[in-house]
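What follows is subunit A paired twice: with subunit B in the first complex and subunit C in the second.
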Partner chain A sequence: MLAHQIGHYSLILGFFFSILIIPISIKNFNKKNKIIDNKIFSISFFQFFFVLVSFFGLILSFVNSDFGNETVFNNSHTTKPLFYKISGTWGNHEGSLLLWLLVLTLFIFIFLIKSNNQPKKYRILTLLFQQVIIIGFFLFLLKTSNPFNYLFPTPKEGLGLNPILQDPALAIHPPILYLGYVGSSIIFSSSLAAVVAKHISTVWAKHIKFWILVSWIFLTFGIMLGSIWAYYELGWGGFWFWDPVENVSLMPWFCLTALLHCILVLEKRSTLSSWTIILSIATFMLSMSGTFLVRSGILNSVHTFANDPERGIFILIFLFILILFSLIIFFLFHKEKDQKIVKINWSSKEASILFNNWFLMYFLSVVLIGTVYPIFLDVLSSEKISVGPPFYYKLIIPFLIPFLFFMSIGPNLNWIKSEIKKIKTQIVLSFVISLLISFVILNQIGFVGLINSVLILVTFYLFFITIKDFFLKKFKNYSQIFSHFGFSLLILSILFNSILSSEKTINLKVGEEFSFREETIFFESIESIKNENYKSIIGNFKIKDKQNNFLQLKPELRIYNQPVMITSEADIKTTLYYDKFLVMNLVKDYEYFNVRYQVKAFMIWIWISIVILVIGGFLSLFQRSYEK
Partner chain B sequence: MYGKKVKLRILFLFLLFATIILSVYLILKSLEENVVYFISPTEIKNLTEINSDKIRIGGMVKNKSIKIKSNKINFIITDFKNEINVSYSGSVPNLFAEGKGVVAEGYLKDRNYFNAVKILAKHDENYMPPEIKEALGEE
Partner chain C sequence: MKNKIILSVLVLFFTFCFIVLYKGLNNSNIYVPETKIEKTLIKFNSTDFYSGNKISSDQIFVGSEYYVLNIWASWCVPCRQEHPKLIKLSKNKSIKLIGLNYRDNPKNAKKFLNEFGDPYFMIIKDSKGMISVDLAAIGVPETFIINKDKKIIKRFLGSLNEKSLNEINLITK
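On to the complex of A and B.
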């Protein structure tokens, strides 16, 4: 009970401090001196500190199973393991918003400390814009989704956490993703502040690049964790379903990736400033609307979230005000630097970046339309539709070809202009190598369609060009090489994964067997084990391949007690070449099991390549800005 | 005559608009081809013609209607007014059970027979997809 009360009051105290910042910063803004008042630092720290205390209060309430707290009651249970009691704190609407707020206040504090080489006016304006967002979230939290509501009389037992969320990957997935989302709020406030303070410059680009990278790293990593979770927990054996909830995390990613490249052009060539600002605004808006779409229950998805219209409307209004506000600032204050058009030459690095920005915007619009069109149609004509993966494949895959091509060529061009004649033989050589390799591979696996074949070719091209760059450009721009290499590896793994994977689904009784390609799968037995908050039924399967090697796989069914729910835990045997994925489901009674066996080619390389992609971003944080 | 810069700008703007229009056209066109409509068993009974588009059917799995063979599952989806026979081979989610809500994606053979290629279910015991709620005419 104590933790609950401390949590509640410190949240209100935090709100008080966040309002207090505004008059003090305005006063400081109008002073002539060049330093920010120490008071602002301390109040900003207190704001963060009290939200932190409040967050710990909520965690403690969860750990102590204090069911007098409504959030704890709705999402926890005494028999739940301690780890999931803690992760349950942010596994629900109220707690996750408190986490948003925590990261918001933490980031603005870090921003204040880290930005002391920037002009005062710009820093204070960033703080003010960020406070607008923070106060919005405080109001939202206190008014519509207070994590500290009392329940009286105190219930004896809680309702429990949705079992599919009781998973290590999903315990850390939301915080990581939020770090990415919230990082984009700093980019948003900072670019608006830079517009008002007329501080859009090379210096600003260098400074904001840090925040863009940090958000990008967390967002990428967060999306990967969610994807890994979906792979083994949802039992379909895929890693991306084009589900609306997944798409909303991908949209800010496209925007942020475009911004990441665009900021380089601003840094080196001080052009594209308007575009940079628009991207900064869009990234944050997409992150916010992501939260809105997921949390409002508008999206019908594989994930389950509480549906509360009042919350949806609050975020919608808040979002609308922020968009309006940022557009007004953009049009009132933003002037392109003395109308000097910096000419962009076709054969320059910035041209490639610009092209790929366009492609990223195109991918973004495809995903955006595919995600929101069903919502609009439902509202307008109450017709229910869904947009499936074929839509996305058809519109995205062909355009990956030029995208990957510019990605390979771009880094080998110079800023400003490069002579076509001087483009080195290595680049042509890499192309010949990739042509040969793809030809050999296609010969092996058979023709896979024109678009896929060309796609394999250009992806290999990017692959070899980055390898070439790694060895020939000594100690220069490793981050770009790593990330682009990771991306080519990602596309290659996804391509070969989809071409070479195969599966079979069958209904089986214990003791039966089935054959699949050159393997025989025996369903030997089932055993039952009782755990603290679930009962598990484990199937023993033996897989025999043509060399008579045996492999034991044990997929599991878990019957949770609170809430009562059945989940399937796939058993996966991972090697560098393929994953063997076996999952079983219950049908009707215990006699038949619905068994799905999949051989997924190069599955692990999808995760490895994303890690390489992220490492590239990470290296960039430490790398000195490289020369032309 | 216009200056070179102005010409470049016009060319740039023209290209910008051309690509935007082209991509919007492309997106909307394939959207038209790839959407999957959601239909209830009663709406199927009232269809004037059966076409070969992929659709989704939602409702309840009728009691005592599931019949399992090793490679096939047959069952009946009902909205308590009309029903339709579904034939399916593939994996089923754990929440698939008699008397529970279900969404089946596939192709209509005729007004009484549906070949499903995918069965979707939601993760939460208490949660019912909005489409099913509507198909069943519940609150």
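On to the complex of A and C.
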């Protein structure tokens, strides 16, 4: 009860401080001195501090199962394990918005401390723009989704957390993803501030690169965690379903990846400044639209959480105010003429970065159209359609080929201009090697279609080029080598995963068996175990392969008590070459079970390659300090 | 000049997006599970809220053309908003309004009724929540319209509003 009160009041106090910052910074902005007033630092700290206290208040309310709090009542239950009581704090609409706010206030505070070598006007403007966002979120939280709504009479028991959200990967997935989303808000405010303060320069590019990298790392990692969750918990046996909410996290990722490369061009060649700003604005707008699409319930998907139109309208209006605001600032203050005109030679590094930016924008628009087109169609013609994976495959896969090609060639070109003749034999040699390797592989697995074959070829090309760079290149850019290597590995594993995987679905009774490829699967027995907040039914399966090796798999059905819900936990045996994935579901009565057996090739490599990709990003954070 | 044109085109474009999304928000896409129309009500046993006497569903659903079964609880916040609508509905003479008190503390429930009024013809208890499961109810509040043949002809998820009230009055006319 106490925690609830403290949480509520410190949230209001935090709001008070966030408003207070505005007049003080404006006053400071007009002063002639070159340093930021210490008051601003302390108020910004208090703003963060009170949101933090409020967040802990909510966590404590969850831990103590204080059902007088509406959020706790709706999302918790006394029999829930402590870990999920805590993660339940951000596993719901109100709590997750409080987390957004927490990260927003934390990031602006860190930004203020970290940016002390930048001009004062630029820093204060960034703070002001960021405060606009923060105040918007405070209002949203306090007005439409207060996590501290009070219930009387106090209910004895809560309604429980959705069981599919009770998973370790998902407990950390939202915070990590939010760090990425919110990081993009700093990029947004800072690029607008740089436009107004006329601070778009190589210095700025170097400085903002840190935030771009941080957001990119968290966003990439967050998307991966979500995907791992979908694979292990949803039991559909895939890692990406082109579900609208997944797409919504992918769109800012495309934008941020483009920005990450574009900022390098700005840093080295001081050109593409307008493009950089547009990307910075777009990244945050896409993150916000993501929040809108997920939180308003306008989309139908596994992730639709809050179905309150009032909330949707608030975010929608806020989003469009921000869009208008940034458009006006961009057109009013940004003058391309101030920049010297730099010609870009087609055989230079910046040219291939630019090409790939275009491709990323193309992928982005495909995903964007696939995601929002059904909404538009529904409103304009009341026709309901859903856009499925084939749409994305058809439109994205062919264009990955030139994309991967430029990704391999680009890093081996020089800035400004490279002599074609000087492009070394090594590059041609890598191409020959990859041609041979893909030929051998295709011979083994059989013809997989023209586009797939060419795609395998270029992916191998990128793969070998990065390996060659790693060992032979004189000036090594490790972060680029790692990320590009990780990306080629990712595409390779996804490709072979989709080509080589196979599955079988069958209805089985205890004691029956079935054969699949060269294996036999026995359904030996079922047992039932009672746990604290669920009852589980475990199936014992034995898989015998060609060499008479036995493998035991135990998929599980969990029947949760609060709320009553059945989830199926797949049992997965992972090796470096394939995952054996077995999941069962109830068929009406308890006699027959629907059993789905899948052999998924190179599954683990998908996660490994994303980790390598992220490591590449990390390395870049450290490389930055070497350059100084 | 060129910039101004681009700016206005962009503003127009985003305004269009805004309008479409705004409209999209009002298109409710809350998923309502299709209750098979005219599904017969399952027989169940319960206890009367006030007297505590055992009572079966056959004894409850007698002597009227239509019945409205409303699932409520004192701890349920939307139920408070819904309550005035139920009081309005209780003036409709062609229906019997039956309350199903879901997993509630009787003391709190009585306090709730004293405070907001009792619109129900009869209240039955569902202290373990089993009847609601039999009804395939999704949450509290939830409202079913049942005809004299004990068939569920309509259900409403969430609190009743003016629109649903009109609909009920229309059906039971």
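By our rule, the second predicted complex is superposed on the first by the 617 of 628 C-alpha atoms of A that agree within 3 Å, B and C clash if a C-alpha of one lies under 4 Å from a C-alpha of the other, contacts with A are read in each partner's own complex, and residues count from 1 in each chain.
Methods note: a residue touches a chain if its C-beta (ideal position, glycine included) is under 8 Å from a C-beta of that chain, and two chains touch if they have at least 3 such contacts.
In this text, all values refer to a predicted model and were calculated from it rather than measured experimentally.
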After the superposition on A, what does A:Ile323 contact: first (subunit B), second (subunit C), both or neither?
second
Residue contacts on subunit A - larger count, subunit B or subunit C
B
Does the superposition put A:Lys546 against subunit B (first), subunit C (second), both, or neither?
neither
Return first, second, both or neither, reflecting whether A:Asn594 touches subunit B, subunit C, both chains, or no partner chain.
first
Determine, under the contact definition given at the top, whether A:Leu557 touches first (subunit B), second (subunit C), both, or neither.
first
Have a look at where A:Lys32 lands relative to subunit B and subunit C in the superposition and call it first, second, both or neither.
neither
Report, in rising order, the residues of subunit A that make contact with subunit B in one complex and with subunit C in the other.
300, 564
Once bound in the complex, which stretches of subunit A touch subunit C?
70, 73, 149, 151, 153-157, 292, 296-298, 300, 307, 309, 312-313, 316, 320, 323-324, 327-328, 331, 375-376, 378-380, 564
Across the complex, what residues on subunit C touch subunit A?
3-4, 6-7, 10-11, 14, 17-18, 20-27, 29-31, 74-75, 77, 103, 105, 108, 111, 133
Going by the contact rule at the top, pick out the subunit B residues touching subunit A in the complex.
5, 8-9, 19, 23-24, 26-28, 30-31, 34-38, 54, 56, 66, 68-73, 89-98, 122-127, 129-131, 134
Which residues of subunit A touch subunit B in their complex?
162, 164, 235-236, 300, 302-304, 341, 343, 358, 362, 365-366, 369-370, 373-374, 383-388, 390-391, 394-395, 505-508, 512, 514, 557, 563-568, 583, 585-588, 592, 594, 596
